[in-house]
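Next come two complexes built around chain A: one with chain B, the other with chain C.
Moving on, here comes the complex of A and B:
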């Protein structure tokens, strides 16, 4: 059968172009996801997975207060990290966008350079820099400025949040940069010349115009941080375990893949809902303002 | 025995190496080695780096011209996950701690071993050869060859701890809030809490079974302790770094810690707590998927010979399960390895199978999540 029998001629090129990526997503995303969904209805007995159909895992996820409590902790962490990256990232994106054109590629490249190193390396870099025996504390002690290390980066929530923020900052800056960069500066000048002060101009004109980029950046940072587990394991303290650690442990030491799958699916569902809300907001923001 | 690293030097590079391994291990559950079972003339050895050190295994290759391909794991959970993921295939021989031999044997991931094929079997200390965690099979078949063991006591900074340290209670002492570290291995933490609470009788039974009330008490004790803990470490270098910097003044300790830290000039002391020292015996087992059974038996015989056991004690500081090897060691070496207690093999609380593995895992998750 000829391809033209299945796909209208004008779409054939598109089908060819999208074929490989579609195949990729089917094989490496949809099928594994379907398997995980299946696992989430199975159960483990004596370390063997029984492929029955049961809702017990989901019941456990929603009835056991541990899971919900840790989910709240994960959300608190991702909100904090999103906040930090936004506060640092917005001015940075603005500054880069207002640079002369010849400097912009260099600055953007600098932003990406840390991503050339593995994230494990970057996590340990943070620890070597800021830990109690790290470079900063050692230097302060050597200079005689302190006799005890400053303990702000000692296996705690601050360390986890700062490390995550360090990992994801470029993902906040780039989308904001893109929306700020193409902003029509004459609108901003018009606001000023019509008597609007800088603060009012920012909140009434600049921020609404860049809101789509802000929301995209927030999505890029918020979603992965909600599912994180490596950073809390490496720089967090005994009280900084989050939801992602619990999922990881079900696939590792606890060997309860069905429960782990149910935990992961529940998180995925929550994130999909949040993504929906955030993209609707982004669409509303970009549609609600004349560009 | 969550992790043991080979090199003895304690330095920044080693810390990083251990740290990197920890990071990799965290991501490890979903990765699988693509290797199939070894070619003949090779044995894939799933083990801690310290047990596959060339100092120990090169002698085997010299004798048999069979080379050892190490596939090192960082912690026991990782080993179990790897074996389960491939149904025991892809590996020939594997190091299994005493609390896990029965479980892996029952799951069919390790093969029963015919001791009549091992000429060195009779040189084992009888306490190991007849232990419940070894005599898992029927009719003279066992789950593995007990190879190396080690007591786990308390280690503390003699310059930073004023109270006398002779009890696990130091890990619950409010004076050291934020200066205690512990291991991120639920099984061992439950044993320690049970020792602290006085459940010695339950710990000596095989399998270890706790009542509901005891489970609750253990959980509450661990939650109380968590308020004092600065870090649940997951490998040796992390534990040693805490003691070396003084951030940690007391933790669960092994012989290796004391050797390493003394070499660094750090004042530490390893002690046997009065409630009992706990410890493990690691067996070398044959993985269910091995295609090199004959070579595997040769290796199993080798690991309880002096060629493996002497450097194990002298370079690594771990006692062999072989009486013959122990009798060949200088007295100070054996005294150190046994906490100066000649009867330690009888008096120690051995890691044995948990009666309800799932419940133990859940309990630890609850403690960490609390």
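Moving on, here comes the complex of A and C:
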């Protein structure tokens, strides 16, 4: 038995110390989610919420094609953003890991700096870039490269995806960096000296070894982007609203909290399942391949 | 042999420069256009002016919103660092049942992982159900929950570098629990406390999504006020406000880097394989990157 250091031996001591935090989680996290679950079985009549038990909201979520369509659109957006950040983030993480040791902390700190600037400010910065008279299109016109605004740089799905990628890229780079950095380069050298080409070495040796970091990064990017709603309303066009906007509007102008709750619970369930799948994949990857 | 090597390192540097350019572009654009004479965000820039800054300081709603954000952030630091550090200490030193511990450690980061949209609305339901008027206190409740996981993780990571035997020694030499906490543990975790305080302040000050639902119509926090400006009055005054915020954030990052950052970041490279495989790289990744939901 190891010495356990500073832990109150008696149960009361521990409870006293952990109690407030546990209470905070229960009151402000678990109970609200439970209430939301309860609301999702209620219904609204003349803007009064009737607390009965009905499955109507869920039936509506799964039968009305617009809800499913927006959910698919949200998933498509988060997959796109995860893809973009992975494609940029993996080589970036690799490049930072191969830098001289004294530069690494500085580069990592630099990576976090934009993350410390306000979320809304960064979205605003991206918003300034897009649109017919936005910085990109006006610059292209000023330089004489185009005579009318390019559609690609208007407020559209691309702008939304690029903005989200800009917001979440650091969250992809850092976990990958951590798994690439601790990789034993002798294994990589062994593979190439045994005659494996660079592409094969990457897919058979390097990628499997860094898979836990990749999966963690994907979780960090995928989950928040699936719940996004402000970015599409600020840098997207009128047709670019996603599932998150739908949820938010039920608590705003549409004023149907029970339906909004059902929409949110459905998303929550989907995300929890995805989180489980991805963490067990990551566990499998770190246990089964790396050791 | 040497030339290709130098070429690849050049390509690597160039690629990284592009990545950082992409990351910093929005902030740079915001700053540059805060000095632009024209009301419109398009190039070429016609002339430079400080008008937007002058206009900014005469806006009462802006000043009120800033004050609110300041109060909330300060209170969040007090509550979150206070509660989180105690939990971090206990949690790190607690040799409980593995299953219990892994259950707790999977619940702790939940507020960071789940989209703020979902639990922000769940909180809104809670407050309306119990007729709690939306105020800085409702925002505070959410911000504490958002920052607690980070404080707990930072403190317990920091404690891993303190040998429990040191505390045992203090205890067996006659120090009481509070004395040991104060004289042994506290000095060791002090830099981590300061760092998590700074981080908590920044997160709360900039937090948008939860505040969006929990401020209601009666008052604003700074990010919410900026949002309403973007919505209803797209003027370079936003750029002026944002520039001040960026400078402020930059100073905080510098302070953070100076206190703990360099050590923590260097620590990442060293802690090879000692992490729990059940949570792939999670603690330190979260620790250095702030909440995914902010």
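Here, the second predicted complex is superposed on the first by the 266 of 291 C-alpha atoms of A that agree within 3 Å, B and C clash if a C-alpha of one lies under 4 Å from a C-alpha of the other, contacts with A are read in each partner's own complex, and residues count from 1 in each chain.
Please note the rule applied: a contact is a pair of C-beta atoms (placed from the backbone, for glycine too) under 8 Å apart; a residue touches a chain by one contact, two chains touch by 3 or more.
Not measured: the values here are computed from a predicted model.
More residues of chain A are in touch with C than with the other of chain B and chain C. Of the two partner chains, neither chain B nor chain C is touched by A:231. In the superposition on chain A, A:124 contacts both chain B and chain C. Once chain A of one complex is fitted onto chain A of the other, the partner contacts of A:161 are absent, as it touches neither chain B nor chain C. In the superposed model, A:253 makes contact with chain B only, not with chain C.
By the touch criterion defined above, A:170 lies against chain C but remains apart from chain B after alignment on the C-alpha atoms of chain A. Contacts of A:86 after superposition: neither chain B nor chain C is touched. In the superposition on chain A, contact is made by A:69 with chain B only, not with chain C. When both complexes are overlaid on chain A, the residue A:244 reaches chain C alone and has no touch with chain B. Contacts of A:42 after superposition on the shared chain: neither chain B nor chain C is touched.
In the three-chain superposition model, chain A touches both chain B and chain C at residues 120, 123-124, 127, 133, 229-230, 234, 248, 251.
Chain B meets chain A in the complex at residues 16, 19-20, 22-24, 26-30, 77-78, 80-81, 84, 103, 106-107, 186, 226, 229-232, 234, 241, 245, 247, 357-358, 361-362, 365-366, 368-370.
The residues of chain A lying in touch with chain C in their complex are 2-8, 13-14, 17-18, 20-21, 24-25, 28-29, 31-33, 35-36, 39, 88, 91-92, 95-96, 98-99, 101, 104-105, 107-129, 133-135, 138-139, 142, 166, 168-171, 174-175, 177-179, 181-182, 212-213, 215-216, 219-220, 223-224, 226-230, 234, 244, 247-248, 251, 257, 260-261, 264, 267-268, 271, 275, 279, 282-283, 285-287.
Listed in rising order, the residues of chain C touching chain A in the complex are 9, 12-13, 15-16, 19-20, 22-27, 29-30, 33, 40-44, 83-84, 86-87, 89-91, 93-95, 107, 110-111, 113-119, 121-126, 129, 141-142, 144-145, 148, 152, 164-168, 171, 177, 180-181, 184-185, 202, 205-209, 212-213, 223, 226-227, 230, 238, 242, 245-246, 249-250, 252-253, 257, 261-262, 265-266, 268-269, 272-273, 277-282, 284-285, 288-290, 292-294. In the complex of the two chains, the chain A residues touching chain B come out as 44, 46-48, 66, 69-70, 120, 123-124, 127, 132-133, 154-155, 229-230, 233-234, 237-239, 241, 245-246, 248-249, 251-256.
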